[in-house]
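In the two assemblies presented below, chain A is common to both, partnered first by chain B and then by chain C.
Right, the complex of A and B next:
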């Protein structure tokens, strides 16, 4: 008697099939956006986009292009479902989370469409595991309406330096204030905690600064609790782009190199905590 | 006031802060003409540490004193230890990324600015709030000690590593030829159930072994560990000055640019000590701190003001933990103590309140409430008897604390004066 409450399907009926020789190429990226239990999967011919949201103020997206997969076939224009991300990650790492050199877990992910579970075939060292994860109604994801034409300030930094700054941030501060300006201090991260204020300044000609395109002085504050999850993505990435638009919305884009040297992207969108027009002291 | 520390010394400064953090929650910062003094004392005043960085340590040193070299600037303050530790958070990367550290008083005079100039042009600025404070001046004379041992810190560190990290106190006994380290057992602990560790070191393992009095002392190891880790990284020989039990033990490191002294109280042989004795050995200090003071009145509970700028929750832990039922004599870190045991409580609180009103309005309110309390009402949680241990904070960490002559301690979870008023009214 099948334990699954959802329908079974044969191979020929799969709407989406995606295979990876190394499941870590998927699980590592997904771990970086796992700050909530549920994620929305959207698959198109371009690849898979996984979205996680928090309190309508924060959205994280992980993009895994079709080229990353060893096999990628999709029968419809777009396939969307919601799944428990924690469970999915547990399955992807079912053979153990730690990386043993030379040993990889192979993955074949199959989905038959609405009402069917997400089926994972995982193999390592000749041992095969089949996981069926129930899918849920996809919820509409927020559209932050963040388009490049509205971007006022943009910097691209090497992740190493930002990683250190983030790890030293004063966590007693409720907000992280980001100041971007064509004049000094150029790019500044500020916290206001119990012991006083702290600032971390990056000059525009720093070696760590790959791109500096700031047209206007902007200071925006974001809740520290919302930005904290992004540090996981930061630790995986090699470069990060930080952009703010005319509304003060923040877009963080992380370039991640996976085990095989291929590039994937993780994106975080965050609403500002309050409108701050002029630069504060 | 402005100091600039160059690359490799930034790590030394950071390590000094971290080693002082093992003693207490507040860092006393005083730029003197002889150098920058960073000091810390624990809540029960039984441990004191001081790092004095001479002007040579700095790339640039200006204590803010008027020219002439006769006076000091008079600026001294204290800050939350955690705040300063945040500045030097990642010790391991300090020497790799930080090129320069500048410490200034901001133009407004209300923030101490620590600015780290790092690689790639990155600048990290920390504007720390502080409280003006009185000077923390212990009284001790290294010359007057009968026994002086000097060794490479590695020797002591290797000895201490054999004791469990949880060990509070260690007993050191010295004879003409050797010195023994033993873990100290509490009276109520059953020796047959405890693990006893004993280490012996010969005189020839020391660089200098001068023993004029064969004696044994017991002091708290925990606070010393901070100094040991600093000493090991600096490679400077560590000196230990001590004689009879009850007299504090002094650990020192000497270097042309840096002078480090840690003064730890030792257990006295006598079961009971009179305040008079203690006071005699602790000459009155000219400065009385508004914030912390010791009342030596045997019959009344002592009031120790909490001075943390951060919040009441940090206030209480008896950091040395185990000195509950034993009277621990401490001539040491007798910083700003009122030595006259005959002083009543009221004047003390008055002195306290007047000084601190602007700093901590809420706390001084509750002090005034204290004055109105009838004698005999159980003290509120923040009152602590330093050398009796009869009043304990519910937040203390030591496991073996007993309450003596205690009724219900006011369980104020925060320093809300209204709450406390209610609670004391209930009794």
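Right, the complex of A and C next:
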């Protein structure tokens, strides 16, 4: 296979090698968190975590476990770098954006370590493309300090129903208010736009509600502009878990099935909107 | 000057439409040259086009059932005119189902190419849709500007890879860079390369085949050269993409001739239509 012969000489130098028979298993999930130009890659023996942040209030993480890759080898405990995500996606989809049935692009991603570019070898139909993307100094990613022990309320919904609700949200509203409670209205999404306020309720025993674990009534508001990008992850996913902790921080976790039926996760963390966010006890 | 022509075969009509669509995607305006045997769509390499030029030739006999031409004089039995290809393309859109197509040179408020399309209808009387496309007749003294370009003294001649694959790659590269280097050798290998501060991308095509030009001067000088040596041209990506994306006619083969660092020349041959396109190297 052309890709492996090209690498023979330099394979020892790479601190990270990750290969996929179908590059879409990486590009699709990265597209779902592409709301900023740059992303931080963190690779460990568990796999790769890609992080994108916005204004210190929002963080999206995509997890691609080592098992998803056909080949995954890492020479250090952890490898971290920052790349231009738009450039990376253009490279991953170099043979075209739309999926042609039966045709896949094979990918070999290699990284030499600090100061070296990220090298991609892509192959489709016997044609090979080599990309070298300059990497930057990785910046510290935010730690939202969101741990399960502090989770007050949690629901897991089937993505279908939430997709519908999100597509109908009044985008003239600056905030999205989420109410979670052991009592009515159980789970409510509210907007306050130009035409007035709108509410969308999900009863706790609805078919769409797979898990309902709410212990306390909480109402929190989040900037709509921060949550809007999450709709991409929502459209890709089959299930979504929504959790809030004692500070009103929001965690959205999306379960995504890739082309080969394997599961990957995307996670969004969002701070409550400072101006209005007050918890109702 | 007189010109009238008629097309009745639906296959010819659709083929002609595809050719005109291709031309309209390559350039906004071009020169239409009519002779008794052929139609030519010409774009000459003015600075306004960024130095790009095009020469498309069709044998009228393969398209038209009737063709009558009286040029500027008996000695020069030809007509040259400026035309917005898009206008012709739009007129032909109505012809996909037509019973017949008539084209003639008329003088309405100004010289026009009038396209009359006879459409099928349920009643005994056919519907006719008429389009008047304004044209600018070009005087004979300017005809020298539109001479057929000669095949350049190329360094490498190679067949292009499948246009769709090439187009997909160039489309993506356009997001990353304004310029692209196209290089090829006599071993059937072609590379498309871009390089910027952020990224460098190279796509390698192999086993493309090099056409033999027979007893051609250019070919002789290449005999001594190492077949692996790459000859290259750096071009504006948008111009290359315009050429690749515009192709509506599915050519059997596209030949690419490279004059090292100077110009790239594409030749498409499809049945009875030949299209040549020149992109100069970026300064």
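The criterion applied here is as follows: the second predicted complex is superposed on the first by the 264 of 281 C-alpha atoms of A that agree within 3 Å, B and C clash if a C-alpha of one lies under 4 Å from a C-alpha of the other, contacts with A are read in each partner's own complex, and residues count from 1 in each chain.
The definition used in the following text is that a contact is a pair of C-beta atoms (placed from the backbone, for glycine too) under 8 Å apart; a residue touches a chain by one contact, two chains touch by 3 or more.
Values in this document were obtained by computation on a predicted structure and should not be read as measured data.
A.B. asks: Record, for the superposition on chain A, whether partners chain B and chain C clash or fit.
C.D. replies: fit
A.B. asks: In the superposed arrangement, does A:197 touch chain B (first), chain C (second), both or neither?
C.D. replies: First partner only, chain B.
A.B. asks: Once the two structures are placed together by chain A, how many degrees is the angle at chain A between chain B and chain C, based on Cα centres and rounded to a multiple of 10?
C.D. replies: Result: 70 degrees at the vertex chain A.
A.B. asks: So in the superposed three-chain picture, is A:94 touching just chain B, just chain C, both, or none of them (first/second/both/neither)?
C.D. replies: Only chain C is touched by A:94; chain B is not.
A.B. asks: A:84 in the overlay: touching chain B, chain C, both, or neither? Say first, second, both or neither.
C.D. replies: The second partner, chain C, only.
A.B. asks: Is A:161 contacted by the first partner chain B, the second partner chain C, both or neither?
C.D. replies: After superposing on A, A:161 lies in contact with chain B but is clear of chain C.
A.B. asks: Once chain A of both complexes is superposed, is A:206 in touch with chain B (first), chain C (second), both, or neither?
C.D. replies: After superposing on A, A:206 lies in contact with chain B but is clear of chain C.
A.B. asks: Please work out how little space separates the C-alpha atoms of chain B and chain C at their nearest point after superposition, in whole Å.
C.D. replies: 9
A.B. asks: Output the chain A positions appearing in both contact lists, the one against chain B and the one against chain C.
C.D. replies: Of chain A, no residue contacts chain B in one complex and chain C in the other.
A.B. asks: Can you name the residues of chain C that touch chain A in the complex?
C.D. replies: The contact residues of chain C facing chain A are 161, 165, 168-169, 171-173, 175-176, 197-206.
A.B. asks: Could you please specify the touching residues of chain A with respect to chain C in the complex?
C.D. replies: These residues of chain A touch chain C: 84, 86-87, 90-91, 93-96, 125-134.
A.B. asks: Okay, in this complex, where on chain A does chain B touch?
C.D. replies: 161, 164-165, 167-168, 170, 194-203, 205-208
A.B. asks: Using the touch definition up top, name the residues of chain B that touch chain A in the complex.
C.D. replies: 79-80, 82-83, 86, 89-90, 93, 97, 111, 120-129, 310-311
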